[in-house]
Amino acid sequence: MKGSLILKKVNSEFIRKIVEVSGVNVFACYQCGRCSASCPLVEEMDILPNQMVRLVQLGNEEVLNTATPWICATCFSCTARCPLGIDIAKLAEALRSISLRKNIDKVKINQISFGELMKLPQIALVSNFRKNTSVS
Amino acid sequence: MEGAFLESNPENKGNIKKIKESVNRFLQQLLEKKVVEWVLTPYINPENPLPERRIITKPEEAIKADPLTPVIPGFPMSTFVSEITREKPISKPLAVLLKPCEAASLVELVKFRQANLDNLLTIGVDCYGSYHVLDFKKMVEEGEKPFERMINALKNNKGDELFRTACKTCLKPVAENTDLNVGIIGVNNLFIQANTSKGTETLKKIGLKIVENKERDQKIKELIEERGEKRKGMFKEFLKELHGLHKLNKFFEDCINCHNCMEVCPICFCKECFFESELHPYVYEKYIKFTIEEGTIQELEGKLQFHLGRLIHMSTSCVSCGLCEQACPQEIKLFKLCGPVSENVQKSFNYRAGEKLEETPPITTFYEEDLGLTEKQAE
Amino acid sequence: MRVGVFVCHCGRNIAGTLNIEKIKEEVAKHSGVVHVEDYIFMCSDPGQKLIRDRIKEKNLDAVVVSACSPSLHEKTFRNNAASVGLNPYKVEIANIREWASWPHEGKPEEATEKAIKIIKATVEKVKSNIPLEPLSVPVTRKVLVIGGGIAGIQASLDIANAGLEVYLVEKKPSIGGKMAQFSETFPTLDCPQCIETPKMTEVANHPNIHLYAYSEVVDVSGFVGNFKVKVKRKATYVDWNKCTGCSECAKVCPVKVSSEYDVGVSQRKAIYIMFPQAVPNKATIDPEHCLRLVYGKGCGLCAKTCPAGAINFEQKEKIEEIDVGAIIVATGFDVMDPSLLTEYGGGKYKDVISALQFERILAPSGPTGGKVVRPSDGKEPKTVVFVQCAGSRDPEHYMPYCSKVCCMYTAKQALLYKHAVPNGHAYVFYIDVRTDGKGYEEFYERVLREAEATYLRGKVAEIYKEDGKLKVLGVDTLTGKGVEINADLVVLATAAVPSEGIKELAKVLRIQTDEYGWLKEAHLKLRPLETATSGIFIAGAAQFIRDITDTVSHASGAAAKALSLLSRNRIEREPLVAEVNEEICSGCGNCVEACTYQAIKIDPETNIAKINTALCEGCGACQASCPSAAIQLTNSYKKQLFEMISILAKE
Amino acid sequence: MRVPYFPGCSLKDFADNFEKSAFASASVLGVELVELPEWYCCGVVAPLEEDELIRKVAPARNFLRTKELGGNKLVTLCSMCYNTLKLTNLYMKKNPDKLERINSFMDEEENYDGTVEVIHFLELLRDIVGFEKMREKVKKPLKGLKVAPYYGCLLLRPKEVAIDSLEKPTVMEDLLKSLGAEIVNSPLKKTCCGSYQVINNKEVASKLVYKIITAVTKRGGEAVVTSCPLCHYNLDSLQKDLSDKYPGYKEVPVFYFTQLMALAFGLEEEVLGLEKHEVNPLNLLKSKGLI
């Protein structure tokens, strides 16, 4: 993400919403980056998990447009390693949830081929739909 | 366990009269052989339906002793021991006969420096159960023999519904800390069990043959297990009945603040009870002050405060004797409250009142960690 | 009873939340209160004068100051009242700052209500306070210093130079402590051999210092000014009067054991002198490993070799009793065992070491002679990764606090490494670099330029072995990229932790430790050198990890405290002690068990409790333990407490 | 011993060999897993939002059914079910007000009171049965079989649900040791396999599987052992493509721990359901003389 942060007005409404949905106090984070260091999928992400936390701390709604929450596989490595006990996995879930509640789906079920659908186990399909779509 | 049989004659098996005679002869021998000079024991006074407590000094008086009597008439024996040994140890060797709960409370009293065991020969008597003083009295007056009734219940091995609740749920039918035990449970003839070297010495001194007895152990174990089940079930119900302030208030509704429960409690030893002292918050000036300030006030007699305060003071040392309940003129079933609460409190500190002299009461010596540990153990 | 109430604003600390006018109005109505007045800073000179004036004008016979915690200014206000003739114990503090305005900042109305209750309750208490005179006791003008690290050394020297006798007790065979293990010290790169060993020698030769090395304090009784201390002098199995420190014994000893001084980086013998500059420079036999002592026969090579005939396998430990007036605890710190850090492979991989181990490797006088090699194969590590905050700033898994010295020593180690291995490269993972000391920031900048180390801002996730290298998984939060480094050696800046055995020692001394085991000071801001037990002081890192500069300052401070305490022949003590009502006491002994200060005994004659007022600290534990209220605390009588409770509990 | 058991979808379908082998080995140990009479999908993944209640109803129903069976412990085999049920249960225990709301969503007469405890089958084996007892039942020790335990995420994280040490778990190692197998310790045994991202981005999952498997083979591992049907799917089925992509790539079979138990207990081969594996394990097992 490029550009500068215009911090004239921090969108505290946005922060409050995320705190409410996630139950996570994002302000406790001192940005050590251990979540990112622990994340197995960090290579695929456009911003690091700690940057995701940072954007929330700054009340920057652009975080909703990043790929990171959608690449997260909810493996809880970040949560388990965070020295301050911040549940980053929950935070990612809240970010996904806020998008999904606007009916923004990240997986188009009808784009998965029939052959693939038959082959994939339901455990993979259902968990994916639960995390990435608003239908379930 | 080791000890000695008093009657080896098989004809005496279960002969109720012989049991009484045997134990009295044993006490007589203690005095004759000068093992002790005094014996403190329940004692029959033909003019009184209830046994008395007496110190006997002459061997011939021993025939009137009634240590196995299934009643605790008023104060427990441990209170008497405390009274005669608290200031200084007794000067002459004294044997004292104690029911298991009395023996346990004596241990607690020693821990609190309210009794001194020096020069004392403690003799526990097996207790299969005892009757409420009033029931006992009624039985005697109506010509029924409570001792025989108890022994019969023991022989049939099914207990007696009339026993006091504390006895029906008692886990200590046999005293654990005494030098000797007069054994009636799990034996046909009277068996004097020796628990300490002093006890063994005593038996040897009066010329008894020391033998092993394993059968009795097993019988006692079975009895305790059976009682344990009963106790658990009862306690669960009790606690449910008493849950919450409202129910507690209701429970003590009839209390008339006579403090009899406190008077007979074997481990209530304060010279002046805090709740009867001028320090207690509900004194008349307070009422007047409150009334002036508030215009009108509700009766504040501190009934519940007294009972809960007592519970706090004694629950770690309660020996489940149930005498509080027996002493209550209003027939409040006090054992329902103090029995289960004390058991749970003691369990949480991993402490059992009256069990070991060297164990210090948790009231002053517990650390926060202790509680955590036992919680984990409980899991 | 004429009570005056003085309400302090404490700037905005109290007045910002509480409604002072309302408080004054309500408190004035309370019976016995004849005067209420407020002021912005009651503890200031004009504030105190105001109280003095009103005591005289209004003829007050009791005063309540409604302000901050009594641990801050109770003494001030009591002395102030005493100066105009009011008994100081007729002054009480109502703490409306810590108890009302601070904790209920957002709720002014409720907080005001609470403050009113607190003040009224305190008025009730002060009304029945008894006027008292301080107790006076004689003192022993000697000091015990526990711990012979740089803090203990400094404190001992300061006191000894002031002319008082010092007993310095050290549990290891030599004094010197952690500082003696360091390679060079930041920011000046002095070596401890140059700056600490002269002080160690001074201790050994000082006529006023009794050095008890290889000894432990096992029991302390008594009280401020009059402590009785039992010191266990452990058996060294060497007659130190004869031993010349020639080390011939160690040369022949066949048993090799991991060296504590070198933190496992090298080995020592079962008979050993801790390090060449040890003070006292005497040999000690380690009974756990000595063949002769373990098997009771055989070996004895050292005894055969010793030219002084100093070896004595029959030596027994001794308990010595000493009398002192003050105690300084200077037991220092330890570093967290790296094997606790499983995610970093601590304890599993030989080349994952603690920073203290790396100090020994870097030390010019160390086991490698200052040559930097890694423990697994003795090769020179070309890539070294330093991991800061290993176990620190991590409330979730380890220690929540910042270990304070790691940023600086890691920078120093990176620099020393660069000096030793010019073609090597150091990576330093950090979260924040903290350089709070004189010359520290400048030193850090020097390291950045000179060490050419790569500072990476991020906390390492995990370390494991892959293809013979240590794979360090981290992140650089500044570039927003994950980082993988294949390292030859990993140095963990493991958290500083309280020294081993400190909790047991604290129990013996009857002082408190905090939740982690650091010694608890009487007040973090205003009494950082004192413990809650009078006469016992803390010096150095035993209170909390600090660097050498701060440790030395702190130690001199503790020495000054002890000296000021012992500057007179008698000292005054608070008369707020327990009393026994002999009529009611039944001698059950609950209070004896409850008393941490061994101030209560049951009189064998009368069978009732007796208080040694010199030992009593007035904590009140006995009062709480007494079933019949026979034992009570002067001026905290149960009756007073009930009066207070009935006000606080009123709707 | 009879214990209430929650199967979940996979164990009735593509991972039925997991269930079958578990049932058979359990009975050797005197344990009967009693399937809940009527069970509902656990939700597969735990709903982590604080304000999400409706997805917690199904787990609550499963807990009610558990109580009806007369137990307060509910055993699962599938790691995902375990994680979802356990987290949801903890949420309800921690938030009594939310639990009340959840109860109000259900028609059941009884309210769920939060007293059920969810445990994983591995915990039952370790804490209740004991690995010592398992060792006694071994007829065919897995001697010489070099296996690498793979925990994945959901048995260990987050810490509230961890069945073992987060950083240094040993439960699977201890279990497999008691069966006589040789343990290969891979540092990536706690690394995510890609989980449900296999649908969005198979490449990503593939990459992770490659890392996880090569970390095992590099250390001499011959097989991977797991307790999660999704991990099994990813680790097993994605290996086929890896052989095409990376020349010299060495495939290793992936087992459920229960299959190895059944094998070591000398049970019939058919309970293992080996035909379901993508990477054929027969050669390996034959070479060790285990079948």
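Lettered A, B, C and D in written order, each chain numbered from 1.
Heads up, the rule we're going with is that contacts are C-beta pairs under 8 Å (C-beta built on N, C-alpha and C of every residue); 3 or more make two chains touch, one makes a residue touch a chain.
Being a predicted model, the structure only gives us computed values, none of them experimental.
Here the chain-to-chain distance from subunit B to subunit D, counted in touching steps, is 2. Between subunit B and subunit C, the centres computed from C-alpha atoms are 50 Å apart. If you average the CA atoms of subunit A and of subunit B, the two centres end up 67 Å from each other. Between subunit C and subunit D the centroid-to-centroid distance comes to 49 Å (mean Cα coordinates, whole Å).
Here the CA centre of subunit A is 26 Å from the CA centre of subunit D. Subunit B has no residue in contact with two or more other chains. For subunit A, residues touching at least two other chains, in rising order: 77.
Subunit C has residues 343, 462 in contact with two or more other chains. Pairwise chain contacts present here: A-C, A-D, B-C, C-D [touch as defined]. Residues of subunit D touching subunit C in their complex: 165, 167-168, 187, 215, 218. The touching residues of subunit B, when paired with subunit C in their complex, are 86-87, 112-114, 269-274, 277, 279, 281, 286, 313, 360, 363-365. On the side of subunit C, the complex with subunit D involves touching residues 342-343, 462, 464-467, 471. Every residue of subunit D that touches subunit A in the complex is listed here, in rising order: 8-10, 13-15, 41, 43-45, 47-52, 55, 78, 80, 152-154, 156-159, 166, 190-192, 194-201, 204, 208, 229-230, 233. Taken in their complex, subunit C has these residues touching subunit A: 343, 389, 393-397, 431-432, 457-462, 473-477, 480-483.
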